[in-house]
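Chain lettering (A, B, C and D) follows the sequence in which the chains are written, and residue indices restart at 1 in each chain.
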Amino acid sequence: MSANVRTSEELKSAARKLFEEGKIDLLIGYERGTLPLRTTPCFITSAEEVDRLVWDGFCSNNLAAYLPHLFSKEGKPKGWQPPKVAIVAKGCDGRSIIGLVKEKQAPRENVIILGVPCRGIVDLKKVLRALDHKEPVSGEAAEDASVIVRLDGGKEIRLGRDEVLFDSCKDCPHPEAPVCDLHVRPEIPEKKAERDFTDVADFEAKSPRERWDYFVREISKCIRCYACRQACPNCYCATCFAEQTQPKWIGVGTDLSEVMIYHLGRIFHQAGRCVDCGACVRACPMSIDLRVFTRKMVKDVKELFGYEAGISVEEPPPLCTFKTDDDQSFITEP
Amino acid sequence: MAEDMTPRTIDKRKLPELAGLIIAAGHRLYGPVRNGGEVTLTEIAEKPPLDFAYGNFKMSPKNFFLPQSEVICRFCGGDMLKDAVSAEEKKVLLGIRPCDARAVWLMDKVFLEEPGDFYYKQKRDSTILISAACLSPETTCFCTSVGGSPAGTEGSDILLFDLGKALLLDPASPRGEDFLNRFSEMTSEASKKQVSQKEQLAQEAASRLKKISLDGVAEKFARAFDSDLWAAPSQKCLGCGICTYFCPTCHCFDVTDETVREKGRRLRTWDSCMYPLFTLHASGHNPRPSQKERVRQRFMHKFSYSVQNHGELFCVGCGRCIKNCPVNLDLREVITR
Amino acid sequence: MTNMETAEKEKTAEKQDSTQVSDWQPRIVAFLCNWCSYAGADLAGVSRIQYPTNVRVIRVPCSGRVNPLFILSALRQGVDGVLVSGCHPGDCHYISGNFVARRKFALLKNWLEYVGIEPERVQFSWVSAAEGGRFAQILQKVIEGVRRVGPIQKLNKLI
Amino acid sequence: MNGDGNRNPYIPFPAKIEKITIENADRDIKTFKLAFLDEGHRRAFQYLPGQFAELSIFGKGESPIGIASSPTEEGYLLFTVKKVGVVTSDLHNSEEGRVIGVRGPLGKPYPVEAMEGKNVVIIGGGFAFTTLRSTIRYLLAPENRRRIKNLTCIYGARSPGELIYKEELKEWQGSEDIEMYVTVDKGDESWTGREGFVPTVLKEVAPSSENAIALVCGPPIMLKFTFPMLLGLGFPPEMIVVSLEMRMKCGIGKCGRCNIGNLYVCKDGPVFTYQQLQSLPAEY
């Protein structure tokens, strides 16, 4: 039995137990999707349904995105009590949950984090590219996070891990949720080294013209569907600045300036929140390279304020605090 | 009408020449251009594509008739400028799929109905649609289940079949017939063999499509308004606009004004029933307060209200919403439940 | 108003928008905190210290009040440069407003530069109520910088 | 929308604000008297009570507002507008003489033909009284008054200060042609009239449902209690007519946001019979 199958089985029994002991009202996890190489988020409310749960390298969604809405009082009737929720969490999902707890979007005591060991998630776009855009009919993620796909006609192809994993998964230092109520794992995954920021540094090293041109090129693809925002667990504002009307920050058209300010504003707003889970990149139907931009925010927060999002519940968010000797070399002097 | 004219055929090698003539006749020609794994409907300056063996365009051609953003009128300092909207250029869309042409035919029912939509009509009147029969449907395709077919002609002016060495051009509207006549020196009459080959290809393609049963879906949905059918899909729906923006028939729009200092304009832009602001009253009241009502609206609009209002399902089975949904919310699951 | 008159009006508006380098003067917006920098600017005025007139001052209660969207919004509307100025660190009327703001500004400054926007466009400074002369100097420096990079051509919305 | 198939239905006609009247004590409801700049536009704007128009402030947007004037009042249009959103706030800041845009008339009117030979009961609440004012004015015109039987109106507001069209209310209360009941939820020291919610007053007045038609417009909570009261009085569902509100943009059934079930409030409404509403989902 593969580790993924064993994890899935352990997950089912853990979930069953939680329901039977009356500890939870709802469990958010993954079930098999309708398309090959896909899973889909599932919402389980009783022990009878737990057999739907799966865990494998196709569990690409960051389930933490569902929490703010579940716990928001808005639209709930009088006397409403927040539900007890168990949530299946990869390393990145777990870090997003910490951010939400910290920012009071999810009460810690109502969330049971079920940590699963993640070896990286498969990027379907990369799979398709490797298959020269032939649609696979089925496939599975193997133990070492390589992928076996079958094409129409039965031909089987094995794709290497580095070829198919999301960029954000490739050298992920957090295979497990840093804060966890229940580890669901056949074995403890090895600790990984911290990730460096050479990708961001490489971009910084380009000329301003090149950086701007790349920004223009990527943002021009945007169709303003807001999937990046909706998929992001930490984008939980009740009304996004992009949609405010009083004041109206930006228009709703497709002018580059509007779209740019949307992305500049949204990504900036993620400073100290972004855990580099890649949810925005995964959700984007136009394959915009958002990560080169979101990573900048992660890097600067780390380098300027020594803060990494989603590690500890206690540490205050970096933009709610300060040090008297914070860097101010950017200040204009006469 | 269309039956009166026999299909024409053209050697694929002569297609660049035909394209040149079309462009020389004052049309802007758009055709399939491959970009990585994606095929987009792109303006063609000279060398036209010879390959119609793609699945479908990444985005539907609805942008050509209902652009994501278009100017309704312009103003300056509180006064409207009257001559702000220019006439449309003549366009030819080459290689769109019959499902997408059918979607245009469906949108016609909304936008050409009285009072006709000025901007839509202008674009529709100046655009020739040459569809390419869909000979290799994708796994997410289900056009035959919603009233279409891989060689359907609704909305098209000409239907093209890729016969290998030659293309068969079958007029599907008087406008298409007229168009073919204008370039008749480039084409010849199709042989009987070619016509039967076309029919065989169409049948083969149709047989490859999985049928899903949608009998009585409109009535079923009308009865299911208050049912728990909507709980599961709306729970996982993230509330982004991908399904509506990629949908070739979703046509809901917003009208907003914007200004930069003195100058301003009124824009019509795509909108989505997935967004909470879509129905939010100025008073703060929202008749569709949660994602449940919003998801329900999308399904009801396509599979129930449209049947009541226009006699047709407003889904053409292109599968874009299924392919692009970030949480794999599969429309087929909901409509067959 | 007839259509022609309106069209004429639009032309004039266009002229004002046009970015002919010869007679172009940078448009600067300065967000000044009420307690220090605004008073500093005021002092510059009262002391008859010459400083350029192409600046529009927006008084804010504290540099901490400056939402980064204010800055993006100004650029979107075609402002050529933005200056945000508050009390010196440690002198904030609200104790720590400018300390918290400083973190935001540091990130924003880097962020805009990262996507290729000229660093001269958006600048931050500390000016106390007593530093009238210093305010004029900083403003001069900001304007010179903006003049060097020319009229805004990124992020500004064109209609 | 009128006639001419080639007209662009999205382009508003310019109209000048001739007069602005503050209607209520909170000063957030104002009546704007508009006159088209172009005589052709004025003639083209043929409407009946219950219809609405999109008022357009260039640079701010459009807002759908019920027409408060009656077609029997010639040469001008009245719109009573509450200050709520971007457009209405800007409109409220207008001075007389400003030119704005008017696009319409839109929607279906109250069924004036169906009122022929009937007793007409008009029930209004709060600021939603605008198109009912249009209806009363219309029905009180001599040529129309003789075509209907009794005309009864019950109108209520939160407080005396919030009653709109105060002068006309006085005029109607003294008129033989209309039986007028004005009520407030809670009166003040100077209030000598009725107190009580509209549905309660409706119960007291108990207009006969015999050969009668009821027109209702008011806030959702008033509607909720008024419908059962009318049904209790014996009004058949098809003789209860109500005007609804929805967020709208195009006003001509294209933009897809104002639907209740398969009907669009902008083009199939805003006037619906209670019978119609019963067959629609309660999504409004």
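Simple rule for what comes next: a residue touches a chain if its C-beta (ideal position, glycine included) is under 8 Å from a C-beta of that chain, and two chains touch if they have at least 3 such contacts.
Just so it is clear, the structure is predicted and the values come from calculations on it, not from any experiment.
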| item | value |
| --- | --- |
| Pair joined by the larger number of C-beta contacts - A-D, A-C | A-C |
| Interchain centroid distance [CA atoms averaged], chain A/chain D, Å | 50 |
| Between chain A and chain C, centroid-to-centroid distance (C-alpha), Å | 36 |
| Where chain B and chain D are represented by their mean Cα positions, the distance between them in whole Å | 40 |
| Euclidean distance of C-alpha centroids - chain C vs chain D, Å | 48 |
| Junction residues of chain B, two or more chains touched | 75, 79-80, 254, 256, 258-259, 264, 271 |
| Multi-chain contact sites of chain C, meaning residues that touch two or more partners | 1, 157-158 |
| Shared-contact residues (touching 2 or more other chains) in chain A | 251, 255 |
| Chain-chain contacts as defined at top | A-B, A-C, A-D, B-C, B-D |
| Chain B partner contacts - residues on chain C that touch it in the complex | 1, 3, 6-7, 9-10, 13-14, 16-17, 77-78, 157-159 |
| Chain A - residues contacting chain C, complex | 203-204, 208-215, 241, 249-251, 255, 257-258, 260-261, 264-265, 267-268, 271, 293, 296-297, 300-301, 304-305, 318-322, 324, 326-328, 330-334 |
| Partner chain A, residues of chain D touching it in the complex | 85-86 |
| Complex contacts: residues of chain D adjacent to chain B | 1, 5, 7-12, 14, 57-63, 84-85, 88, 98-99, 101, 220, 245-247, 249-250, 252-262, 281, 283-284 |
| Chain C-facing residues of chain B, complex | 74-77, 79-83, 258-265 |
